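Per-chain numbering from 1; labels A, B, C and D assigned in written order.
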Amino acid sequence: MFGIGLLKGLFTTLKNLFGPVFTVQYPNKKVGLLGALKFHKKTPANFIKTQPKDFVKSLAGLHEVPEYPDQATRFRGQDFNWFEDRCTGCASCAKYCPLGIIKIETKPSTRDAKEGSSYDIDVFDIDIGRCMFCGLCVEACPFDALHMGSGFERANEKRNGLVIPVDELRTAIKTPSTWFRPQMENKNYRPKENDAEIKDYRDIGRHEKPSDDELTERWVNER
Amino acid sequence: MGPARDSFLFEIVYCHLSKDPSCDSVRYINFSFIPVELNWLSFSLTAFFWIFAFVNAALISVLMLIWGERRLIGKFQARLGPNRWGPLGLFTPIADAIKVMFKEDVEPTLSDKLIYVLAPILMVVPVFMIFPVIPYGAKSFLTNISVGVVFVLAITSINSLSVLMAGWASGNRFAIIGGIRAVAMLLSYEIPMGISAAGVVIIAGSLSLSEVVEAQIIPNAIFQPLGFLVFLVASTAELNRSPFDITEAESELVAGYMTDYSSMKFGLFYLGEFMATIASSAVIVTFYLSGWRGPSFLPIPGEFWFFAKWIGVIAIFIWFRATFPRLRIDQIMSLAWKGLFELSLINILVIALTMAIWPDPTSTQLLFMTGINWAVFIGSIYIFGKILSPNLTGNKIDKRKVVYGLD
Amino acid sequence: MTKELTGNEIKSAINDKFNDLVISIENDHLVIKNDKEKLLDFFNSLKTENKFNLLSSVTSVDYMSKFVVVYHLTSIDKNESLIIKIPCGESRKEPSIVSVTSVWRGAELQEREIYDLMGIYFHDHPNMKRLLLWENFDGHPLRKDFVN
Amino acid sequence: MSTELVTMNIGPIHPSTHGVFRMRVTFDGETIIDAEPIIGYLHRGSEKLAEERTYTQIVTLTDRMDYTASMTNNQAYILSVEKLAGIKPAERGVWLRMIAAELQRIAAHSVAIGFLINDLGAWHTPLLYLLREREKILELFEMMCGARITNSYLRPGGVFMDAPDEFWPSLNRFLDEMPERLNDIENLLTDNEIIVSRTQNVAVLNKEDAINASITGPMLRASGVDWDLRHRNPYDFYDKVSFRRPLGTVGDNNDRYLVRLHEIRESLKIIEQCLDLIEPGPIKPEEVPFLVRPDEGDSYVPIEAPKGELGFYLVSDGGISPFRCHVRAPSLMNLTLLRDMVIGYKIADLFVTFGSVDVNMGEVDR
């Protein structure tokens, strides 16, 4: 009968009206008391004592807590993580970048030529304003010095602000993505967890301490 | 001053202002200060008060509807809807309004300036005139004009003129197509709308909206489902709402007749449309859902029932919008002329015949008449579905299945 | 599996009267002479006699010494495909070839694209205009000697 | 009644031209007299750019052609490179990219159906229901390769990294839920009288015209031609899985919608079979270098992308970048007959037809 299809359609939308929503209130959402306690992992008494204002807000359902979409560990974020100690200044990343947006200037190191100290890096700028986050630079890095980051909030008002200078790369908190880093994936590393920061360059690499033989093997025989 | 004093709402303000002895009985607190000689002053003040109150109530209800529509459609689409600004995103329409006001007001070079400016005003102003005649409760109405039904139908059809003016004056091809479409569609749907409203009038025996409500012992939606269906569909079309939104037709005509409008002129169109939705829903509640009448055993004032039904009807409009795609112009025209027109005629015929047999029906007779109406409703929808669905579409339709490639 | 015809198979499949059009028989394709008169007949016979009804792709390559127009043809009925290459424009000045739009409608936009980007003119094309770039763009970018 | 013809420029900026597409349309009242598609607003010169990049770097360019179906773009390109360089891909890598490609097909068809219904004037509801399902696929892609749209997942010889452990349970959950969601969509759309009357017998395309105009993909199958390269010319391991090819009977807009909807179901079946057949192993042969350097020659491997036959014609001169890289873009070819299809129909049908052709401007203009 004419109209059955329309009624079926109306019923389907009605079913979805009472179904779950699939969007999230990025970057923060308003929660009530229960949600606030769950987020802060606190008992009600503790919550009142430490955050009285938030407690009142949460009673009205207006307490704001951060809300982020779930993010895969391999997510290729916008901030690059770079471990200077691992970097030899070989410029593989700059070479493999399809857009040529990595700028490296080095000078010969005064120290011995072993992994992590063959060249000193003067400039290591990544212009993420033109970057497409393909990750080929990370794939090309032979010493696991460069990693994709896990953050994605680098919006800026000026184009210049989109260039990551070497100082920022040095000082940034390093929570690298596991993209093309199987050793991190095997360790079950999750960059979005609270204590995920990697402080020591030895924790991240595929070769913890290569011997001279290994270096010769890699640099001379393999290539 | 005579007719105005019929109105309970008018009187309650008037009597608290004026020392008129005739309204001692309705004075709750006696702080009236205007002497009887200055009756014209108290009359004007009351009028100003209610104009102010109704205009602002209408505007605020539009803001509420904008929020409600977006929120509800969001939920229909399994997403959150507006949630940033204010609790539950309640202030979003205010932010919208501020944004619209501060936008640059563009007038296209090719536009016909006078008509271009007049069109949005003509869209909004008439709709305000519907609100005073609607009976919100047994006594809560501003004016009970004796030709209320005709008045309401007349006012709701003015906006087709405004749409045509806007489409013409913009000097834009999208706009003129939208405007012409609007006139063709709105004029066509006036007719089934008027005829099905006649069914309501026959039952009530009066053109006054109050008496239309009084007469609905069984709500007209149940008593004459065919008329209700036709009226609902026709008002959806009159309101340019989905699935009849061909005049705006975002995916075809960008924004139809208001493509070239910006700033507050666009805001007025927006306002007018939403206000028309509210007004039309009130009319539907009055005509077909027994207005302020509710279950009499509950001690709840009639105004509550009216507003509850009102919101319900608006929600149905929003539900339609969330579900249906748009019909094509030729399909819309044939639906009006080949479908709704005949259905409304059948409806009025059946109502007239049954009313001729039982001019003053008892409650059992009313139920019997309802049964007849439902039988006619289902039968005619079925038959028209059979006849109409091939004719309606303009192109042949059939039951379609895919076949699968043979290995 | 679509059978990809080798050069010899293509040679034996085509009508004998077009034998003089063949320049050389390669491993996986046939090189055909850019003959103004007979080329359209040749393609017509490929479509009607050999049932190569789907023109998969028309493209062109600039080898500096010459332009080569490459036709990938597929037969939906027989599930076969073949490649035909036609060198043209040895002098690099106004290279031109006959349009196959009248045989396969699908060549219409592809030939316009080739004209736009490679600068090979197709005779008898219903609408030989630039496709992707604007009308008064100078030069044809996919040519190897194109300098911005 | 004598009328004056109206010529309108629809696009390049218009709500339903799916990007920067422009049509110069002549109307007689509401009826279309003439329509001329004008393209090129998104031309980025990908083919020229490819001539200056290494074979691996071009993978990132292919992502950006049909951006609703990056995985299949990658697949078409990689297959062509593998044929050119004579690389034999690793088995697990091939299975992984088949799973990825079929997921991408579901995502791309979801977008196609959703926007088709949006062009019909539905207020985004079916679109959002379908985008919700697509979102799950994008999350799966994010797990696999760290990106949602511009995947760059495939490499010559296979894929660059095996799917992580959490990928498989998520994929299974998706496969379990999806048929039910599709039933929902069918309830909402397939029998809907408005959609049926708007789409049936509109813009009919018959078999001969479709083949003659090089139209491929779901559009060709909607016209009733059983031509699916996965079946007729199985690349990767499509010869090891079985699936049905839904075909249309008339070749109108409704058939194009139905064919896409049923192809989603078939894709789900293919993924399930892949899950049974995939085995642990290397995902990429060890000997494939980062810099692929094929011998002189050319290659063209057509694949069945969501929009139709997609192939990369690569010419190598023995260097590290291709001498010529031509993309056989299905979206462009499918536009050939747009004018013929819409003439005589109403304004509204123009957009529905354009939506049912399902073009992606990134691929049309490249």
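Points to keep in mind about this one:
As a working rule, contacts are C-beta pairs under 8 Å (C-beta built on N, C-alpha and C of every residue); 3 or more make two chains touch, one makes a residue touch a chain.
Everything numeric here is computed off the predicted structure, so don't read it as measured data.
Considering every other chain in turn, the ones in contact with both chain A and chain B prove to be D.
Rounded to a whole number, the gap between the C-alpha centres of chain B and chain C is 63 angstrom.
Here the CA centre of chain B is 44 Å from the CA centre of chain D. Centre-to-centre spacing of chain A and chain D amounts to 30 Å, using the average Cα coordinate of each chain. Averaged Cα coordinates give chain C a centre that lies 25 Å from the centre of chain D. Listed for chain C are no residues, as none touches two or more other chains. For chain B, residues that reach two or more other chains under the stated contact definition are 76-79, 322-324, 389. Across the assembly, chain A contributes 2-3, 6, 9, 12-13, 16, 22 as residues in contact with two or more other chains. The list of touching chain pairs reads A-B, A-D, B-D, C-D.
Those residues of chain B that touch chain A in the shared complex are 72, 74-80, 83, 87, 319-320, 322-324, 381-382, 384-386, 388-389. Interface of chain A with chain B (complex): residues 1-3, 6, 9-10, 12-14, 16-17, 19-23, 25, 29-30, 60-62. In the complex of the two chains, the chain D residues touching chain A come out as 53-54, 56-57, 59-61, 63, 125, 129, 132, 135, 139, 142-147, 150, 152, 160-161, 164, 184, 187-196, 290. Residues 1-2, 53-57, 59-62, 70, 72, 76, 79, 81, 83, 104-110, 113, 117, 130-134, 141-142 of chain C are the ones touching chain D in the complex. Those residues of chain B whose C-beta lies close enough to touch chain D in the complex are 73, 76-79, 173-174, 177, 242-243, 245-246, 249-254, 321-331, 389, 392-398, 400-406.
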